[in-house]
Amino acid sequence: MRSNEVIDEGTAYGRKPGVTNRDLTDTTPGTKMGDLLRRYWHPVGLAGDATERPKAIRVLTEDLILFRDKRGRPGLVYPRCAHRGTTLYYGKVEEKGIRCCYHGWLFDVEGHCLEQPCEPELGRHRDQVRQPWYPLEERYGLIFAYLGPAERKPKLPRWDVLEQMDADHTISASDHIQSGPKIVPCSWTHHYDNVPDHYHVPILHGSNSGVQFVEMMARMPQIDWEYTGIGVNTRARRKLDNGKTLLRITEGVLPNVRLIPDPGISRYGKSESVSWLLPVDDTHYMLYAALKMKPGWTRAFTRPAGKSWDEMTAAEHQQYPDDFEAQVGQGAITLHSEEHLATTDQGLAMLRRLLLKQAETVAEGGDPIGVSFGDDSVVATHAGNFLIDG
Amino acid sequence: MRSNEVIDEGTAYGRKPGVTNRDLTDTTPGTKMGDLLRRYWHPVGLAGDATERPKAIRVLTEDLILFRDKRGRPGLVYPRCAHRGTTLYYGKVEEKGIRCCYHGWLFDVEGHCLEQPCEPELGRHRDQVRQPWYPLEERYGLIFAYLGPAERKPKLPRWDVLEQMDADHTISASDHIQSGPKIVPCSWTHHYDNVPDHYHVPILHGSNSGVQFVEMMARMPQIDWEYTGIGVNTRARRKLDNGKTLLRITEGVLPNVRLIPDPGISRYGKSESVSWLLPVDDTHYMLYAALKMKPGWTRAFTRPAGKSWDEMTAAEHQQYPDDFEAQVGQGAITLHSEEHLATTDQGLAMLRRLLLKQAETVAEGGDPIGVSFGDDSVVATHAGNFLIDG
Amino acid sequence: MRSNEVIDEGTAYGRKPGVTNRDLTDTTPGTKMGDLLRRYWHPVGLAGDATERPKAIRVLTEDLILFRDKRGRPGLVYPRCAHRGTTLYYGKVEEKGIRCCYHGWLFDVEGHCLEQPCEPELGRHRDQVRQPWYPLEERYGLIFAYLGPAERKPKLPRWDVLEQMDADHTISASDHIQSGPKIVPCSWTHHYDNVPDHYHVPILHGSNSGVQFVEMMARMPQIDWEYTGIGVNTRARRKLDNGKTLLRITEGVLPNVRLIPDPGISRYGKSESVSWLLPVDDTHYMLYAALKMKPGWTRAFTRPAGKSWDEMTAAEHQQYPDDFEAQVGQGAITLHSEEHLATTDQGLAMLRRLLLKQAETVAEGGDPIGVSFGDDSVVATHAGNFLIDG
């Protein structure tokens, strides 16, 4: 019936549907990773985002309202007014808190109901009402929130690189990735996978889109990874023409912190920034960063087509893909079952294992690594670009 | 392990997911409220909406086509042609009805199939085909439809305020709310909850967005509610500077009718309008109104930022919220489980109880209040702004 | 309680929800029709669509990347790179295939992994990785793909009308319907139903929207249908004023091929074109066509409002509906349970029965009609406009 040609059965026909390991990617309460994430502080805005004009934000799939009362205290509350559910986005901010536009219930930054103006005596039972709220702390120009169980609230970490300040150092905070929109439409894990995945640099940022950083970064490195107790370090060595070696250490700290030294390598030494991958929800994330600066320092931005990212056409994005394109190109949430991890993917495998192990610990009632309930300890970090012999 | 600080466990963490009482909000056939709503007539268009150009509308989650044949009879039919399902939106309106564009089947306003032009003898079995249709009646400049069981079709109600006409009275019909889009993106019940909720007036329309109506409406009223046999009356008393009292009665008539006297209080006396909250579907509604007017009468519209609603910016809507913002701000459908009703919410609790009770009656095979199968009785209403002593 | 009026219970109230026969319309693997469709070749692009710039396409609900390597071979691959899932839409096309932007894995047009540049020795185990791919063939200016089981891959058919070429004949390929967008937002079956449904011509293209083709096509025909072994022929006879008869044969060939002679009837004789309804997914399709042309031949396009389709307003589309409006007007997927097929719908009933029977044959392990595994046979077709006596 058919000729005797060799039949190549390795086509796309009959392949199995891909599957996501949701334990790694879920962000909602009651899920493995959602519960782990809720045991840490997360940046939810720049200091300037909390004002007398309420701002609607989304954090770990929770819609919330961020504001600052007229005494200067930032507040983060559930949007639906405890009375009849109108969003506090339309609330009026006052000295003592935020007042719902509909019937005027007034809540302070901790959700206490201070007034119910239509009720007798401003509400005889107002004490029994609590607007859902989350605690906030401000540091490094960022507002951090804790969305977890009250009795497990850790100290807000300090970071060595942001605490060791020269007289002329300043800290500059940022809320967006370099090339891409403010809210990136894919799982935060795509970016976190990218942190120990330093091998993509000579390809994506080197040969594929032209040299996006500096020439030495386009060279193929030798890489090893190590567990640090709070995450995974990636140590990449590149031989330079002068006989020296560039040692570049990038650091992932659980659950979603990254220390990526300047890829433009303007200076050698420790990384001057800490950044956080905020899971907006399962399929969106934002990048918050705190960056130590000195007068005269500049940061180079790649402009592959001589344009900024948002000025580029669809054809130019296709020609000059960057981290955004590579990560969003993995879909809204990647399909782990379809991956073929190789020797150069060891780092992300280690980081994922560590995340899953901590999620397991939390599910069993324990505390994950990297949380501190005692004194204000300072996190010691290792990331940086270092010039070494040999 | 942790310091001895007092732990405030009243945060947003661990709260239960909110739940809607769908018995109050569903609009589809076969649901409690959907079946109750189908026992009454509903406005589905202005008289001028039914023309020789078919118009696609949505009523109680049913997509329908409204037209007027060349004899002047309005028709309301299911969009999918009984033959092969092409929408009658593309139909040609003729003397006797509407003709499908695809194969020319002709239906009259009661869905009878008059011609199947490709079939022998224009269709020997065309009598066996009926295009799904609903009965219509026109009154007060509006077209009313009855979407319920034929054997329970009530009389289309007459309303006293629209029947008692001076020689120079005219009735003007309207199909949109004052501040907001024509189709409002939330459940109709958010607006119906608002009808007996007169306490929001001094807050939302008074202090919060500036005085949107007149100064006396911004004063805090004393309110009582009463069942009327067909709904709930809200009686609000405000002390005026001249020693008199403003008695303002607003009226909710089941299932979705409201009589709201002019909030600008240009005149004292009975309300001059009746309005209907048409559930477009579970998460959208429209407001139809019939308003008695006289030459020289005007109606004031609030322009909080000196602009009409659709000219306002997002920031201005946030600064000057109105009913639209407060109601749509409750979400597409509110979460009843999260409400904290207080003494000033009595009216809406009464109205909801009455609705649920009627829905129960219908589910048990009975007839709900307010439907009349006999003579053309006129509904007696009470709403108005009245100046009284003491 | 109610008057003695006759109650017409034939309204739209209480009608059953409509149901689709998904066996006819599904396009995904593992469904009746999805598996039948996968036993044939389908056009997936014009020859010029496969270039060094990867193109994202959708075929039978599968998202795929079409490209052409620098040796000129077209390739069709699953978008997600076998390594870490980044879409090959951002891949770089090279001499030997397509290279993922992220870590540089290189795949040829048959999905073989040729390089893993970050891995030692370009990947010692790269042979074990296969990027999912489908075979392609080019003919008539179109690129055809086979998405079915490898061991059942048939010959790509040749069509008599496109093989019998005069010296000055050329073939012109097209990828869009005449009046409508390139990707039509409804099931391909709506259009396939239309192929044997010649009775709609005098209505939709005749009286309803004005004479869209030529006057003789606006006359009501006499029609009979016949099974051809590979599909269904529709033979329509129209009496002309000169005593002759126009015999117009349109042909449907399984599973989704149509031969529609020029409706403008510029010439008599066999149809000069073959076209394919490509199911993009369950609710979208495209039309690919190959058309034999000679110098000087023109094709008339209807311009009902003196405008091309995409220049027409919504009101003009409503006034001058065409095939697009009639077919998309049946919804995203039609509801077969609501149809009332009549004597003039015999042809589509025959075509549907034939499709369902073949789907059954495939489900039972057999081969459907119209596939050939042996020599390059040429499909003999019958479609055309013929002038006959009597």
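Read from first to last, the chains carry the letters A, B and C; within each, the first residue is number 1.
Just so we're on the same page, a residue touches a chain if its C-beta (ideal position, glycine included) is under 8 Å from a C-beta of that chain, and two chains touch if they have at least 3 such contacts.
Just so it is clear, the model here is predicted, and its values are computed rather than measured.
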item: Copies chain C and chain B - interface residue numbers shared by over half, same or different; value: different
item: Turn needed to bring chain A onto chain C - CA fit, degrees, nearest 5; value: 120
item: Length of the line joining the C-alpha centres of chain B and chain C, rounded to whole Å; value: 45
item: Junction residues of chain A - those touching two or more other chains; value: none
item: List of chain C residues in touch with chain A within their complex; value: 29, 38, 53-54, 62, 77-78, 80, 82-87, 89-90, 92, 99, 101-104, 110-111, 116-120, 123, 125, 129-130, 132-135, 147-151, 153, 373-374
item: Chain A contact footprint on chain B (complex, rising order); value: 1-3, 7-15, 18, 193, 199-200, 202-204, 207-209, 220, 315, 318, 321, 325-327, 329-331, 334-335, 338-345
